[in-house]
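Structures are listed in the sections that come next.
The following pair of complexes shares a single chain, chain A, combined with chain B in the former and chain C in the latter.
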Partner chain A sequence: MVFAWKSAGLSYNRYLAIASRVVRRSLKEDKRIIAERRGETDLRFAKWSNGKMGESKNLVDANTSGMASQAGSSSS
Partner chain B sequence: MNSLRFARAALRARPAAFRAPLQRRTYADAAPDKIKLTLALPHQAIYTSQGVVQVNIPAESGDMGVLANHVPAIEQLKPGMIEVVEDGGASKRFFLSGGFATVQPNSVMSVNAVEGYPLEDFSADAVRAQITEAQKVANGGGSEQDVAEAKIELEVLESLQAVLK
Partner chain C sequence: MLSRAARPALRAGAVAAAIPARTAQNAATYATLREIEGRLKSIRNIEKITKTMKIVASTKLTRAQRAMTDAQKYGSASNEVYDAAETKALESEGKKPLYVICSSDKGLCGGVHSGLSRWVRRTIPQGSADLVIIGEKARSQLGRTNGNDIVLNFAGIGKNVPTFADAQAIADQIVQLQTQYSGIKILYNKFVNATSYEPTIIDAFSEEAIAASPNFSAFEVDEELIPNMREYALANSLYWALAEGHACEISARRNAMDNASKNAGEMIGKYQILYNRTRQAVITGELVEIITGATASADM
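Let's look at the complex of A and B:
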């Protein structure tokens, strides 16, 4: 069985994150405000090579561009 | 005559043969008709190895009900409703955003999901509004990524709307 999210180049992790985001947004107002804080991720990373720090990138942005390139290669 | 004596011997032998298995302790003795359910989210444990009667889960391979002494299984869960039938027949319903359920041999079951809330915590209006929003993106000319994400959202929302009715 091939999952739709897989053929679109998404990871299972990303798929779960999207599904969870939607569930959080569907909650009643009071619960939603508390729950939506859990959806915020804030992580930056940098690759080190030869003892020098490379460009510092936002994890979310890097993931999105990484998945977009994967989607291109898997559909061909 | 010879065969009769044989039968009598078998009759005498049987009670001893029957007694032996009864003394053995089995899974059924250890956990009578109950599943020990753990329903855990990253931020909260809704059940922690609590004895329940039945658990209905939305597995990727189809909806299934799990009773005590179920065969061991690992199931991927679709975003959908899980129903827990507690002692005394009362049932609680939660909507999970997807995860995994594992059934262990000794009537121990654990369900892990990212988000899970009782059905009454959801707002039907918010679901409806998001469906129109997601449909717009899914049918629009966005990137492949955006369309795929909108389709996932639609799938979750439609399943949520179906159980809220």
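Let's look at the complex of A and C:
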């Protein structure tokens, strides 16, 4: 069984996040505003190496770009 | 910030007993009177702030608790599979476990964060496991002692009730880690009741552990689907841990602020009495001076 999203380099969680975002956006106006608040994230993260904290980055952006680069490497 | 502001006031409380002795010799009694007044005012302001924070925490608490009960169902439902399959964490063959510590960014909530850090320092010897830290507070506490074990840290949690999107994003980033771990353990504060909480572990198993569990064949799941399930279960467990940790933090903050307001109230009482006494003493002193002056001039 091969999934289209898997070969595109998305993880299952990312796939779910995108699917749920689509569902939320297609709701009616009043319900949509409440539902979209549940999909917000404002996380930052930093990688550590040898006890030093690295650069702090926005998590959502990093995830999207990380997936994109994975997709590029797997397709080529 | 507040805690730092409150500290001089606390110290002032200890000094308070020494003040009257000094005023007796000191000619400038008015200055100390004004000093006491200033301190009273600052303590009153602190009390106001802590009271407001308590009210804010109380209103947030109901929401946080509701989110917690929902998330608990979520997490336990997803762990049902592992219970039925009797999945056990594999004994590591040279692989480290990964600990995910769910704290948050904000302080002023008693020992919530330091409880987690202390648990980590006590139970995990340095170098034996890698750490992923969620929240600034635990990061600054553990960064000093276990800095070498930290591989990732997340910030920006704890402003609101954690969302599932938060948990998913974190799970994604953890899954992307290059190192192979024997298993992921999520450390969070379990909500026992409104006043007590204890650091607890949720297991998130590795793919091999899931595949090796004795009753797993009963589910008739394709091998290829296991990574997906594992990722999803990790997000579920993280969401559970984050939501419960959040509820603990809010309730701990409510209690801490309640105590702080109570202490401030006590201090205000003490200072008020001290203030009144000093004022009386000043008035009496002045009266004595006037009367002695009057009698002396009457005799002339």
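Note that in this section the second predicted complex is superposed on the first by the 76 of 76 C-alpha atoms of A that agree within 3 Å, B and C clash if a C-alpha of one lies under 4 Å from a C-alpha of the other, contacts with A are read in each partner's own complex, and residues count from 1 in each chain.
Going forward, a contact is a pair of C-beta atoms (placed from the backbone, for glycine too) under 8 Å apart; a residue touches a chain by one contact, two chains touch by 3 or more.
The shown structure was predicted, so the numbers you read here are calculated from the model rather than taken from an experiment.
Visitor: After superposition on the shared chain, which partner residues are touched by A:K47: those of chain B (first), chain C (second), both, or neither?
Guide: After superposition on chain A, A:K47 lies in contact with chain C alone.
Visitor: So, does A:A19 touch the first partner chain B, the second partner chain C, both, or neither?
Guide: first
Visitor: If we overlay the two complexes on their shared chain A, which of chain B and chain C does A:N63 touch? Say first, second, both or neither.
Guide: second
Visitor: In the superposed arrangement, does A:R38 touch chain B (first), chain C (second), both or neither?
Guide: In the superposed model, A:R38 contacts both chain B and chain C.
Visitor: So, A:L27: does it touch chain B (first), chain C (second), both, or neither?
Guide: Only chain B; A:L27 stays clear of chain C.
Visitor: Is A:A8 in contact with chain B, with chain C, with both, or with neither (first, second, both, neither)?
Guide: After superposing on A, A:A8 lies in contact with chain B but is clear of chain C.
Visitor: Under the contact rule defined above, give the chain A residues that sit at the interface with chain B and also at the interface with chain C.
Guide: 1, 16-17, 20, 38
Visitor: Considering only the defined contacts, which chain C positions touch chain A in the complex?
Guide: Listed in rising order, the residues of chain C that touch chain A are 139, 143, 147-148, 150-157, 159, 163-166, 168-173, 175-176, 222, 224-225, 227-228, 231-232, 235.
Visitor: Residues of chain B touching chain A in their complex?
Guide: Residues 42-43, 60, 79, 95, 97-99, 114-115, 117, 121-123, 126-127, 130, 143-145, 147-149, 151-153, 155-157, 160 of chain B touch chain A in their complex.
Visitor: If you look only at chain A, which of its residues touch chain C in the complex?
Guide: Interface residues on the chain A side: 1, 11-14, 16-17, 20, 38-48, 50-53, 56, 59-60, 62-63, 66.
Visitor: Mind pulling up the chain A residues that touch chain B in the complex?
Guide: Those residues of chain A that touch chain B are 1, 4-5, 8-10, 15-20, 22-29, 31-32, 35, 38, 64, 67-68, 71, 75.
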